[in-house]
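In this document, chain identifiers A, B, C and D correspond to the written order of the chains, with residue numbering beginning at 1 in each.
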Amino acid sequence: MLLREVGYVRPGSVAEALAALAADDGARALAGGQTLVNVMKARAGSPDVLVDLNGIDALKGIELGGDGTLEIGAMTTYSEIVASSEARARPILGEVCAQIADVQVRNRGTIGGNVCTNDPTNHLPPLLAAIGAEFTIQGADGSRTVSAADFFLGVYFTAVGPGELLTSVRIPAGRSDGFAAVTLGVDGTCIASAAASLNGHVRVALGCVDAVPVVLEPAAADADAVRAAVQGASLDPPSDVHASAAYRVHLAEVLAVRAVQQAQGSA
Amino acid sequence: MNVSGEREFAAPRDAVWRVLNDPAAMARTMPGVESFDVHDDTRWTANVKIPLGLGGLRMKVDMEKVDEREPEHAALQIKGNGVGAMLSMTTSFDLAENGSGTLMKWAADVKIAGPVGSMGQRVLQPIVNQQVQHVLAALDREVQSGT
Amino acid sequence: MNISVTINGTTCERDVEPRKLLIHFVRDDLDLTGSHIGCDTGNCGACSMIVNGQLVKSCMMLAVQADEAAIETVEGLSDDDELTKLQQAFKDNHALQCGYCTPGMLMSATALLRANPHPTEDEIRKGLQGNICRCTGYWNIFEAVKAAAE
Amino acid sequence: MSSTTTVTPEKTAEEQATWSGQSVPRKEDRRLLQGQGVFVDDVKRHGMGFVHFVRSPYAHAHIAAIDVSKAEAHPAVYGTLTGEEVAALTDPFFQIASVPGANVKDYALAVGKVRYVGEPIVAVVAETREAARDASELVEVEYEPLDAVTDARHAQDDGVPTIHEDAGGNLMWHGVYEWGDLDAAFNEADRVLTIDELHFHRFNSTPLECDGALVEYNRGTGQWTLYTNNQFPGFAAIMMGPAMRCGLDKLRFVTQDIGGGFGNKITSHPQLVACCLLARKLRRPIQWTEWRTDFHLSMSHGNERWFRETEVAVKNDGTLLGFRTKALDDAGAYLRYEPLGGVIWAQVTPGMYRWQNIRVDFTQVATNKAPVSPNRGYSRMQHLWFTERVIDIVAHELDLDPVEVRKRNYIKAEEMPYTTPNGCVYDSGDYAQMLDIALALIGDVGPRRADAEARGKLIGVGIGSTLDSGTNNFGQSRLINPELQFSGNNEVATVKLDIFGEIVVTLGTTPQGQGHETTAAQVVADILKCSVDDVHVRAGHDSYWNSHAGFSGTYASQFAVTGLSAVKGATEMLRDEIFKLAGAVFGGVPPEALELADGGIRIKDNPEAFLPFMACGAIINANNAGLPEDLGVTLNCRYVYRPPFQVPDVEKKYGNLTLTYAAQVHVAVIEVDPETGYYDIVDYAAVDDCGKRINPQIVEGQVMGATAQALGAAVHEVFEYDEDGNLLTPNFYDYHVPHALDMPPLKTGFVESPSPFTPLGTKGMGEGGGAGIHAVCAAVQDATGAIVTDSHNPYQRVWHLLQERP
């Protein structure tokens, strides 16, 4: 509670938002606020100006392309993704978003905020990395699209630089996906997570074991191959009150196999 | 939390040593330095804003060189005092000639107390590792430009 | 910043600092103290309100973000001499003890029943997942929501 | 699903006709459901200043310097308070402990040294909450950090820093309890089992409302009014008055609604003192709201306890002869209610078992962690967890059925009232019957086990049986410190008939959701033969009402005995006065010729002669001319209930420490995923016996709520510290309490064994939920086949246990 003093602007367009962000290097984009506001309560982070993106319609909504590609606006909430018929083109999206926290958080929290925060315990970074999502970032001098590998740089760090905005997430067509996690209570914070996608080739992304999702491409979808791939990744996750590094490494292996099995089942 | 590692520099040891012992040069390698004061050749103070992505953590950081054996070893005691966080860090580096280059072995023991220390356990280590990588990369640039 | 909100049907204009959380604005500035604060990390749901038809935790929203919004809080559920079917069901099923989480719990249940008038037990649990109760063990709350849905 | 069994004794027609025994809907509910409750943070006063405490980021450090000048200069700041001022204006809080703990100096704010992360150092008061926090960041504190003591097991090692120099070390209290003949027991034993170490973890009930107060100072009368959610004002006053050098009547405690307490709101007196000093210094009301992180960092952690070098003497058939253990209690940084935890457990020394020979060597030490204080099940829960662990470890080692070992050793119904080896008297109960009911609720686990194993999962079944001792004999404090002059217990109620016949009841208690307004009304209505709707029970607590006594408050499972017995006594006094008054009004009709009915009193064989309560109230209060001089009727009756206690024998540590012994038996069924250690509680039964139940729905609510807290503690909740003394679970992210989706199926059953020792046959209850921790531990042991030695079993620990499997 009791935030430090902060400025507030509510732009109506991406251009205005970019201008506001560029105007002050202490400016931060405010999406759903389900993480940022809490960090500000603790006064652990203290932006000088909040650029509230909630008034920008261009950043909201889900489009399903003819080729099955999904274009999801960065300010689209988890609830909107869960409810969206278009989003069912990639069913895992709604399934995972429905597991994030609770109704209130899903009503405010956004896909853009989730990936830009890139807290290692977040659900979407490993999922989007596994299913080959691409991220469109807009800056003063135009926009660019980057892969997950180039997007996630570190805890609370992404390819979205100062004065830039993540505007949308593009998700290719596909169906054979899986997500498995051990959480702190049902629908709770992830202690370890793994997402898998079998569209064309086997791709697994591990959460909670590094600053960014750890993407693996096992030679095959059988349990041994997946285990081997995780073991080959020589993970060095942090220990915390919920899990030792060793336990996280073990969970990563088990969950990777389960995510792949789920992906096979959902094919 | 203990972090350590090795780093090779394509530069002679004295060049690396010079950078590591030049407050101004060090300031350029540290993340989010906003101002920097040199009290004497063993004590410096920096006002930094550690870029935590979600807004940054402001800290006043006092550094003191507690041990020095030119040109191969030095140890620093670093105390950071910021809202909701107390950073204390002892770091040391050893330089060895390695052909035409220099091999640096470094180690740091980082302690963060206060709400941030409590809150951020699961993200602290990745963040520290990441900051260390930034510093080393910057160090590289400094060494190159210094030679 | 000057903002105007319509809360439980009444429009209020106030000048607020951008940093003020919606829950503080409603409790301290509008003197509607029915909505409570049980944590400082957005976990407990005691501050749950319905903003523009959507259930939110008002501790993770700035008051200025509610400018021009229609807000519903526990005070708006019923007038003094009667209880809604949901409130009565809470009473009949002993779904509250200390009553501190109750206003937020009622708002979550209200939002749930609007969207889904006949929820299954699993849907009720999912709908109340964002509201912590430390007294009841939840079961009587589930029963109350079931009863209200009948 | 949640279901209730129908195991209930036959009710007589008489019982059916009473309000008591019925699940009367609560009188409290309407205001709480409409958001019209008044909780402490809802209380506002003109010109009030908001206080924010500057808290220590270090677990252990000298305070070299404090500079508040920048904070004082903040335009919105009204003023500050530092430890130095506190030390000058107050005396250290009275210590319950004998030496060495008695030498600890504890003030409202840190003086000279900080001893845990989160300890308040400076209080800053400003015009707004935000400004107070802003300004607190301008307070400059210079620390000289010291090593932190975070493991009680090493608190007394050589070279470990001393936390309280005044105490000369980290030992706070030590005492040896021994009853029976240990040597004989161990000689008679077929086997002696040894258990190196059992650990009961640190957690608390985390009431959803944190602490708080609004404090006003009346300069003219020198009186403070504290609107606060402190749940034991009697204790707070005893702590605060001497420290503040004022009479207790200068401290008025007022509260209406409290957002949960569970014992955790007993020791807020340091912050209350700071608020009092600020109200006087700054000449304005002071508002204090404790936020969640503050609460987790600093308030009322439950006692963390080790049981080391335990030896258990058993027969091959599982008969328990005795045990020895060394209990080590981690009190945290200050003794706020401690070292009472060092004796409270002795209320339930043998648990529910016929153990006769027991030795407990009890040590309590200080550490650089938040101070511990009472937490639901206070100190008994730790000890009962220990006895239950011993039972299941015995069963495991002797390869016996835990059900059989329990039934063989449970105290039997026909042995009640049963005197324990240390002189406590268990009033009534049939533990074996309770276990049978619980097992019946669960039914045959076979099919579930088969189904789970087919899916590669493991099933574990565990029993947790526990006692909920209620109504303290405060004389037990003398076993901790013979100098103390506390003993017995008391509670007060007043019942009066107002001028228009309104029945008004005031209580001395500070309810936090237990429904006192409702159950008190039920008792009154039964005696006055009226409706509960005719009885107005004042909401909340006000120590200026004359219904306040030394031990008034709501804690330690006692309202159903102390509070309701006081209500019963006062109501019977009022009834007798109504008879006396009516007798006189009717011209000398004897009481036996009169009866109460329909909200009034009448002559039995002449129902026309009817005097409604309204008339009674009007006559005494406003129309009393001509009444007999010696009538002696006021219709305003105050009664103090005093339980029948003696002062315990300090030498032998012998005597009755509590009046009633409610019991609970729980059975948990868990399904474990052996690959991850993750587990779900897939079935659960809780059977309660708290004697006569005034309001069954309220009793069941307490059972279910306490169970949920126990399950949270068993699986997730822990206040864990790193080696530097940082709390790793300072919020509801990392301290995960049960949410709606976490709740297992919950089946409840009950037995009613009225207490022979209480006026209503009731027993205090509400604290028996600890059985859930015992049951989950036993279930984990059953599923993994590994001996469980910790009360906290998160997935990670279960996974490690699985690795230990033979």
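The working rule: contacts are C-beta pairs under 8 Å (C-beta built on N, C-alpha and C of every residue); 3 or more make two chains touch, one makes a residue touch a chain.
Only a predicted model underlies this, so the values are computations on that prediction, with no experimental measurement involved.
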item	value
Furthest chain, CA centroid comparison against chain A	D
Distance between chain centroids, defined by C-alpha means - chain B, chain C (Å)	48
Approximate Å spacing (C-alpha centroids) for the pair chain A, chain B	31
Interchain centroid distance [CA atoms averaged], chain A/chain C, Å	28
Interface hub residues of chain A, defined as touching at least two other chains	1-5, 40, 42-43, 102, 186-187, 240-242
Contacts with 2+ other chains: residues of chain D	129-130, 137, 291, 293, 728, 731, 733-734, 738-739, 741
Two or more partner chains touched - positions in chain C	17, 19-20, 24, 37, 40-41, 126, 129-131
Inter-chain touch pairs (all)	A-B, A-C, A-D, B-D, C-D
Chain D contact footprint on chain A (complex, rising order)	1-5, 42-43, 102, 182, 184-189, 191, 240-244, 247, 250-251, 254-255
In the complex with chain C, residue positions of chain A that touch it	1-8, 10, 33-34, 37-38, 40-42, 50, 52, 54, 101-105, 107-108, 186-187
Complex contact set, residues of chain D against chain C	1-2, 23, 25-26, 28-30, 32-39, 41-42, 44, 129-130, 205-210, 257-262, 289, 291-293, 512-515, 697-698, 700-702, 704-709, 731-733, 737-741, 743, 746
Chain B - residues contacting chain D, complex	83-86, 88, 111, 113-115, 117-119, 121
Residue numbers on chain D that touch chain A, as the complex places them	129-130, 133-134, 137, 291, 293, 675-676, 678, 716, 718, 720, 728-729, 733-734, 736, 738-739, 741-742, 794-796, 799-800
